[in-house]
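Read from first to last, the chains carry the letters A, B, C and D; within each, the first residue is number 1.
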């Protein structure tokens, strides 16, 4: 059943490959996505026991990420049908296949307990996303693709070296080298400190650059800025979370080792704050709203890192924020995609009065902005406040103050970009394109927004317990 | 009971005479015979007989202005003690009400002026409210100082409180108070050096210019109200400045009336010997008065 | 046998320096290929023979020695460029830096304890040196091709270290890693073609449209 | 007991109804119908709310509701007490009035935005109710932010206009930053008490580690929302550009939420550091003087009202400050009178400021402008509005016989009494400040009323203005009657605040009566009645006299000039010029003097005059500018050169390696 998560999308990809018609092909996405979502629901409901080798097991952490990915992908899939209807000139074969392959790889990331396999899957997501960023096939997008590909590959290569170090540290500790999570955690205390430490650093940097922690984030604004909206959504909500999950795995081992964890936490907090600072600086005067979203993603990756680094109460917040950030970014990217379509421009000096021209997309974008900046009653508020309050409760006042300071700067920068976009009167000199809000382009993000609202007011019980279990796995008090 | 009757009688009938006295004094300085002392009464009666001319622009506000002003002033009259005699209407905290009644009357006088739509009257209104706004703190500093001395918030108590003994004890602050009060008195009643009641250049007037359009009974009401106001503040001044008390009430009444007349003469003298200040100088003088009174308070507080 | 392995590792490091020194792309591609082949041979020298081992050897040689060089060579051919002109940092200085890094990598290897059976082997310094060489190429060269080569060199370096754990590594993972590498290079090749078509050059220093003013 | 529910239940029901009231308007095809439903629902909710208020005043205990929500902040707690009541009373009254008013002022038949507006109006009110009844920090924060956001959407109803957009942005940034301060505050509270639930009143010792920090952050977060100087910069623009009934709610109610927040926070502590009282007192005095000074200079009707809100908030804070100082110095009069004054003024300001804002809405409706200097002579065409506006103006100047006087009376008596008896002479200095403020208020509102309603119309629009409809006048009349009633018999107000003063200043009942006996309430009523009677008598005499006499009509006496035109009238600007010059440092007017050209006949020349928004224009904007400049340098880090990006990665790796060895 777990393997279905991996195989189903692959089959879908094959199918998408053979379907000749450019109009029908996108339909494979929602079909696969729906089945995938159902599967996810069943698996999250009652996960099968670990596989004999212990390679495959859907633990709570995996469940959270899987849930986020599956939901996000489903929404994007339905959106894609509506979106691609406007992009008929271009063949969407690669796009559909890439999306599905990526989905399968992401699925594998969530279910595997073997770090090597995890690495392979992550690398696969990287590679499979590259063509999608290049969907628009112009000079800018090719540049973005190139930078994304090279930086992520290098980063992930470093992660591989980290893994090898990790394995070797077991080897040095006179145990048979393994990359299985269970045994590693079991033997974490005997691991050779030097190798283990090096491994932790390499893994953090490697996965960090995939996740987009500053200053390893340099590919993000380019890729997010040039990719189509839904690809951006999956990058920000899917890949980021996969990378974060990989870091969580490392975190687990560090936790088990007992000594390494302190260094790891400190580094996480430090890099998190740096990321937020970068985001704050780069969001001010940001005229390209897709790049702005990219930097916002950097910021929230930082928040995740800080939450993880704070430990204790922050863990719950980090896990919850993983979900919230993914979904909210989805809303933002999809609606921004619509706005981009309608104005055929993504700079604020042209895009004005979106609320008037596209009431739904504009409204969703505004709502998403309010949500992502941590305003109730939307769920990101819950997670962000959990994190920041835990910072103060743990007596990490400096972290808390800096966190809030950056939040404020980010909010100001973002508001000064978003509000003029959505408010005001639409430009008269530029003709609107043929794009208009339809059910398929607006419904999916709207649905996601509703989910965010519900999560912010009354998250369902199973989710809460799930997050709690996850937090406990990361060392929170049960 | 008799005191109350006397109080009302004096308060209602006496004020116009002050104007008469001031006029006479000034005439004397100018070397003229001048109008009879009772001239103000004749004027009032004449005005009440006259008909009224109204500008088309005016509304009921214009007619209500003098009425409200007068009634507010009348109530103020009931609140202040005359000479050594407590006011018929006195309660703790009446000093605040006293000040705010002036505010009320000012409000209505000025909007009545604005009702005519004449730029001159607007000008006058603006000056009136601005200068009174500067006077207000002075009034309060003075009252608080006296209240602090007499440990009471009742006008009747704090205004009767000053006695020769007090003067000897806290002479400095009392002097400051008297100075401040005298300035307040002149400013509030638009006497020279702040305003010239019988100038003929509207541009320079303050109070007079506000009532240009009032005629007949309304104007009478205004004149009478003005006289009342002069009387009230005069009474306050006299109470503080002249703490003479013989046990005998009637004598005290007499002393008070004489003192008021003396005050009127003093005002007349000031008006004859001083020139009108330039408008820009007025605020400085008023702020100066405020500082005097504040200093008095500080002297008392330490 | 391990002595021979060491000599091979030295060779690997020499190749690194060569690659830092040369400007001819075709030459450096061949060099990478050679490195790949060496990586293929090495495991057989330090580990007892097994099917697993043979598979790995074959796989590595096939991928790193033949397919990947072919892919890149293709790209070079399509893009019609011969040599890397004026890199960001000159050849001599990069060469020197390479030497320094190699030295550093020995120091690094000293810090970290090896398993007894690897004590006298040069695996760690070699791998680190190769890694750093790759990094040097990545940061100093202009041409997209050279950067791919740099990436490959890095990968080689990592593989060198991986050889210490060949039998620890499950086939699936190694195969997956190799496959990913292949696909990655393949995609990069395509991208390079597109770049050369878009910009009529694969000089990545021209890819500077996306930035903040 | 004839009430079916207990107070908290009523309040929660009311909140729910309010929140849902706007939904039909969004869904229904017939927006006007939806709006009517909403208005009806809101009125019902307000009635329920007032029932609860009456119960609470009657002393019936309020239940404590605990909802175990699945958020990691402990259970959601709802309850209410006397402190809440004092804010709930005006809240429900004004909300009800506004909802009816909006039927005519913002009819869905003409305004397409009405649906959205109605929805957020309901949400806004509901959020405020929640703010007041929330007893859990995070629940409070959520309600708070929902309130702030819905206020943002309300005031950007006319989002097409760039001015509205600008002030909206400023407001949003200000309120969000304030909320961040509250984030800190509640986190610190949590880390001291170990739970997000509000501590019982007077439960925390002032010696707690974070007490000072908590109080400071509360002052920043809540003070900003209350419009306390110098955090007021968002206020004038926001109130001026919002639809008038929204301004009424924002100014009359939302600002008070900031006051509530501070009072609630302070109530947690058993005793407060000495400086708190003085700081609040000084801030209050500063806001009062500067606020009214700003107001005097304004030329925009609603801006003026907004600035005077700052003044009134200042007065309220003066009261609170006096009370706190009094608690420190064990001066019961100061405590009782200060608190009573503050609370009474909270209620009063809610009433008359809403009345004035609704009136300004009627004016904008009628005359089609907000510029005071373009109006004039409206009293003839809008008799009802003008009368109601006069009532509001008198009340806000604190003149008897209206309610504004009562609150200030308490403050005067309190400060002077203890100034003259207790060891707190400095408190007495409050009186002259209040006097000055009162004087400035008279200037401001004489100008406002006189220039707008009296004289002759200065523009065609003003000349063709029309009286507002019944839906608009009804609520205003109700509010005006409340002002008058409260003014004529202050006992009503005192009865309203007695419990909360007892609860808050924990002063025993007898002490309260003793202290408040210093305040002449009965005499005041007597004087008020006397005043009215006297006015009526004199007026009657005067009118009779007029009947008898001839009263010919003519033009205004122009001092010999026979053809006065409306443009020759004194404008509001010229009216306030004298005082603005005196207050130049505070108001900082910007003038551009006309340059006279032409040889014999001077040519046309322009004269510009504007009152600057000091904090915003002279402090914040430059700061933002410099920060932006700094950032633009840092942004060079994203230069687009791939190989340098690679360098970043390896540098990070290297640094981490070095740092840990």
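What we mean here is this: a contact is a pair of C-beta atoms (placed from the backbone, for glycine too) under 8 Å apart; a residue touches a chain by one contact, two chains touch by 3 or more.
This structure is a prediction, so every number in the text was calculated from the model and none was measured.
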Shared touching chains for chain B and chain D? none
Find the geometric centre of each of chain A and chain B from their Cα atoms only, then give the gap between the two centres in Å, rounded to an integer. 78
Using mean CA coordinates as chain centres, what's the gap between chain A and chain C in Å? 30
Averaging only over C-alpha atoms, locate the centres of chain A and chain D and give their separation in whole Å. 44
When centres are defined as mean Cα positions, the distance from chain B to chain C in whole Å is 101
Shared-interface residues of chain A (touching two or more other chains) are 146-147, 150, 154, 198, 221-222, 282
Out of chain C, which residues touch more than one other chain, so two or more? 111, 138, 147, 204, 207, 209-210, 212
Note: chain D residues in touch with at least two other chains are 632, 635, 638, 640, 642, 646
All pairs of touching chains, each written as two labels joined by a dash: A-C, A-D, B-D, C-D
Give every residue of chain D touching chain A within the complex, in rising order. 69-73, 138, 141-142, 145-146, 149, 156, 159-160, 162, 165, 168-169, 172-173, 176-177, 179-180, 183-184, 186-188, 190-191, 627-628, 631-632, 634-635, 637-638, 640, 642, 645-646, 648-649, 651-653, 656-657, 660
Interface residues, chain C side, partner chain D - complex: 88, 111, 135, 138-141, 147, 204-205, 207-213
Which part of chain A faces chain C closely enough to touch in the complex? 114, 116-117, 119-120, 123-124, 126-127, 130-131, 134, 137-140, 142-147, 149-150, 153-154, 157, 160-161, 164-165, 167-168, 171-172, 174, 176-179, 192, 194-195, 198, 221-222, 225-226, 282
Per the touch rule above, chain C residues touching chain A in the complex are 111-115, 127, 131, 138, 144, 147, 151, 154-155, 157-158, 161-162, 164-165, 168-170, 172-173, 176-177, 180, 183-184, 187-188, 191, 194-195, 198-199, 204, 207, 209-210, 212
Could you pull out which chain D residues touch chain B in their complex? 376-377, 379-380, 390, 394, 397-400, 405, 408-409, 412-413, 416-417, 419-421, 425, 428, 431-433, 435-436, 438-440, 442-443, 445-447, 449-451, 453-456, 518-520, 523-524, 527, 530-531, 534-535, 538-539, 542-543, 545-546, 549-559, 564, 566, 568-570, 574-579, 582
